[in-house]
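Chain nomenclature is as follows: A, B, C and D, assigned in order of appearance, with residue numbering initiated at 1 for each chain independently.
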Amino acid sequence: MRPWGTEPVGRFDEHVFESEVLRGNPLGDPHERPLWVYLPPGYDEDAERRYPSVYMIQGLTGQLDSWRNRSPFRRNFPELADELFASGDAPPAIVVWVDAWTSYGGSQFLDSPGTGRYHSYLCDEVVPWVDAHYRTLAAPEHRGIAGKSSGGYGAMVTPMLRPDLFGGLATHAGDALFETCYADSFGEAVRTLRDNYDGSFDKFWEDFRSRPAFAKDSDALLLNDWCMAACYSTDEDGTVRLPYDLETSERIPEVWERWLAWDPVRMVPRHADALRGLRAIYIDAGKRDQWFLDLGAEAFRRALAEIGVTDVFFELFDATHMGIEYRYPLSLKYLAERLSP
Amino acid sequence: MRPWGTEPVGRFDEHVFESEVLRGNPLGDPHERPLWVYLPPGYDEDAERRYPSVYMIQGLTGQLDSWRNRSPFRRNFPELADELFASGDAPPAIVVWVDAWTSYGGSQFLDSPGTGRYHSYLCDEVVPWVDAHYRTLAAPEHRGIAGKSSGGYGAMVTPMLRPDLFGGLATHAGDALFETCYADSFGEAVRTLRDNYDGSFDKFWEDFRSRPAFAKDSDALLLNDWCMAACYSTDEDGTVRLPYDLETSERIPEVWERWLAWDPVRMVPRHADALRGLRAIYIDAGKRDQWFLDLGAEAFRRALAEIGVTDVFFELFDATHMGIEYRYPLSLKYLAERLSP
Amino acid sequence: MRPWGTEPVGRFDEHVFESEVLRGNPLGDPHERPLWVYLPPGYDEDAERRYPSVYMIQGLTGQLDSWRNRSPFRRNFPELADELFASGDAPPAIVVWVDAWTSYGGSQFLDSPGTGRYHSYLCDEVVPWVDAHYRTLAAPEHRGIAGKSSGGYGAMVTPMLRPDLFGGLATHAGDALFETCYADSFGEAVRTLRDNYDGSFDKFWEDFRSRPAFAKDSDALLLNDWCMAACYSTDEDGTVRLPYDLETSERIPEVWERWLAWDPVRMVPRHADALRGLRAIYIDAGKRDQWFLDLGAEAFRRALAEIGVTDVFFELFDATHMGIEYRYPLSLKYLAERLSP
Amino acid sequence: MRPWGTEPVGRFDEHVFESEVLRGNPLGDPHERPLWVYLPPGYDEDAERRYPSVYMIQGLTGQLDSWRNRSPFRRNFPELADELFASGDAPPAIVVWVDAWTSYGGSQFLDSPGTGRYHSYLCDEVVPWVDAHYRTLAAPEHRGIAGKSSGGYGAMVTPMLRPDLFGGLATHAGDALFETCYADSFGEAVRTLRDNYDGSFDKFWEDFRSRPAFAKDSDALLLNDWCMAACYSTDEDGTVRLPYDLETSERIPEVWERWLAWDPVRMVPRHADALRGLRAIYIDAGKRDQWFLDLGAEAFRRALAEIGVTDVFFELFDATHMGIEYRYPLSLKYLAERLSP
């Protein structure tokens, strides 16, 4: 191991993508976004060859450059991906790294009046642009999407919504089974607001933005709840609706139902045909995941089985939610194999 | 402080109560139960005087003799209660200490085919017996009930069910707002079962009973879920129904509804008249309660306010769920004052 | 299991022992102490028979009546001890339950100008009194001492100091290897004092005594350090010396040496002859003990081996420091067997 | 905030430095190392101007490229440093980013037969090379060194050892007061080895290198102890000596003394003249630092005061050990001001 990064064998093209649909988004976040396109070794040698493509999306708070964060004694995922293709261990694929960061942490890769039209940005802008500029196999059976945590969420729901675009998905510890992964901490959120912010999310945001982010343990919790509400239950006029009472944590049924409508586990029956048409489904999670996304993974797997989709990769492994980037090459290889011609 | 207990100024009569309704209970637990009756100083001096009575009930796993547990540097509640009346700080009252322990930890003071008829035992056997053998003021406006945790639960629901018997209640950190106090840990329970007991409660019980109880951190969690199901959602034939899927923690709606029907917060509207008739309602909880029973307390308070009941004592204080027996004299005094003629 | 205590088969005689050496102790604690003497089944039948005796001593903050605390689904140790002898599983022995509580939590069963003369009280007052009033086998080879935590400490050091009295010892998770069991938390103590008490133990005590004891998580830590200093490093004039700087936790070498002189591990070589003469040595601890007393147990075992004492019972088991009273019957049986004629 | 990094206003020159003294180091780590030199805005405009220099060194497990890790909603330190100089808020300085990573995590910036000659590499190779290739003010009164954690350690001890080179230091939560910052966890390390690795560090390393690093909670603990021993107490033949017994955690006095000889707090008196000659000393730490380095900071400050060095910056702030890169600009500004002509 060398104490610094490696030169890739393939090639990372780094673009700034100018989105039309993100222009004027409600949070005032940039409509110009970084976009990386990784081309596997050999791409430049054979000018005719076309490749499957895999879109990598990130978890909450992810910005594109955090893919390159260095964990001690480890390679980061861009390095691992390059190594995977350089070794010939997986058939070559183009990997597209998409940024969907927002000032609330993320977008769940959905269109929402709370954050912006990130689903449209990904599906209607980025995908066509990549197909236009790179030699992809521009058909759903050769296009996949993968991510972890909220990125795993996006990887589950995007192909359900757009089976015309995506024929494969990989979710690592993706948000699912909302009554467990989200609702378990509503009480803690309410208490934190009560004890520190007079019960007000506005006061939380004021505090959060006045000092180093995540300096308080409770920051991640409050940010998560607000961001999810911004994604799942924001009114057309931009009003963010929380699914719980701010004094007691009692569920507010009509808002909570809006959340549940976006739960991948509950979406499966409504999108059964789309899911039955996929060529690759990869599901994993750590058995000690802090948000019980191993149970969410199992629930998603079972929902798939109930609609007859059983040809899936599924594994629960010994890990928490953190530090599991070493799993991503497994899903990338799986997708590359299944989405190759 | 002396390193041993004190002789009470009042008097504790210790009985063994032979219950008819507990005979042949489904768990094979004893139908003979310890019962203590505390008589305040002066009881024996004035043979005509009658007194209000307060029934003390316990939290999950409580056995009657655990009231006398010694915490370091502290008096236990029987000592504190005696001190309260000996000091003249509260009007004299008879305090009745009722045992409703079961092999699953407790009964929630309900009648259930899962545990036994503890509600009937308390209301139809113990209360009349006490009234027959002691000089109580045998009317609901002079009779109260109090407890902590599951005892607080019993103190909330028993007067709703039997306003003809109880005219006052005190709940310290009583079980309420079930989606938060119980459901938050369903995921942990499922995971524990999966990783240690092949997903089987039977295997848990086999293990639990084979070794010192609570030697494993997860014991309390699993015992709680099972016991609550035994109390809230057991079929007539004795089948205990869990409210969640044992592989994913997904709620099973029809069982979960049975639980929610027993949530004090949700019971309030159905028992509005009973509650409006009470002379004393005392509610408190620690702000760091591990089961968020401070939020449950607030939700109960609000539900009462919505039916017009606002003359209540309410306080959230700085504490966890544990070691709060120093609060009980506050509620005992409150009840004694409000239930005295 | 019945939801209340059992009537013993043997007999508990409950005395109030009036100590001369504790009269006027520096903390103003009572010189009258509860003392229980347990007589095994058969004691009253055969008026000639004499029995070995085992002295049970308690951990920090223990008062005599806390022996009877009820843990859910468990018998307490007095019940277990009675059951042991009632079953005939161990040869009959007299068990003496000694109170050495102080206002600082305990005494380590030592004579100290900081707390009082608890070693003398135990050895020169209680033991002779018991021998005078009960049919003990009044020789060291028939007398043992046992305890847990600080009680385990007392059980290790008392026979070293008084081999003329004690011929057997049992230590469950006894304080040992002070650099680990005590020093590991000096930093936390200093920080707590700095952040909450202006760096002053006086302010801690003022706060501690003004409210329910142990309502704050840090209470046990600060009490422990002060109490140990009161036992190990108090000057003749009563000045309690802490072994660390109150601003940095730096060891104060001359005070720390006074502590180390009382570390059972380090005392072994100085008391080799006494230890070689013992008939019974029982050592155990939980492998997850919060104070690493499993390592202290191992260090004590090794120190004994180095002086040639290898005929000892030794076991590390899967448990924390808490809730291990189910282990005590093992040592009681071991002592009863080895100390019987 | 934009979801990607910024273009610096100053300039980062990225070199690969070929070290002679690291060639053939005992761990077989690379002797070629990344080296960054940051040139403040204006450097290229005025070809005559010379600048003070500050050497940035990293904590344990730090590799040079981890400086650029992106924390959510935050700028990383290279960005913050550039912003500091770009804003004119601090006088311009050259910042040199030095890599001293090893296969054990780090080097403590010392020469050791256990890791290699990182002190010599830094002082005798990197510093002269920088002075030769950039327009530094090549005198100790214009040269500083700064870091966090083990980097703070290096920043404390390097100027003590080489006052001819360094005239300023800044330590953020630097390792100090070894009996607290290191020794507090020796027990945990021993227990982990016992329960998982048959008491053998070799088995730990075998396991650690066979799987993703730091996938186990105990990895950081064991790595730390071994690495420190490699730095502080390795024999000339390369034998790494642990300062504690691997079965009990008992200190091994002769090895522990070797560690203490490298404790900055204890080194101060031996290097009093060097320290008195410094122009800038900056000390800070979080008050909730997991290794109690706030107490180490206070102890270092007091040791300085005892030799008459009181013109120091000192602050304890509300934070843990983690996520405190927002503090580094404070010390960089402090050093830049004090080390400027």
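Here is the rule we use: a residue touches a chain if its C-beta (ideal position, glycine included) is under 8 Å from a C-beta of that chain, and two chains touch if they have at least 3 such contacts.
Everything quoted here is computed from the prediction, not taken from an experiment.
With steps allowed only between chains in touch, the distance from subunit A over to subunit D comes to 1.
Shared contact partners of subunit B and subunit C are absent. Ranked by separation of Cα centres from subunit D, the top chain is B. Put simply, the C-alpha centre of subunit A and that of subunit C have 57 angstrom between them.
Subunit A and subunit B have CA centres that are 46 Å apart.
Shown are all chain pairs that touch, namely A-B, A-D, B-C, C-D.
Across the complex, subunit A is touched by residues 1-5, 29-30, 33-34, 61-66, 68-74, 99, 101, 103, 105, 212-215, 319, 323, 326 of subunit D. Residue ranges on subunit B touching subunit A, taken from their complex, read 177, 179-180, 183-188, 190-191, 195, 247-251, 265, 287, 292, 294-296, 298-299, 302.
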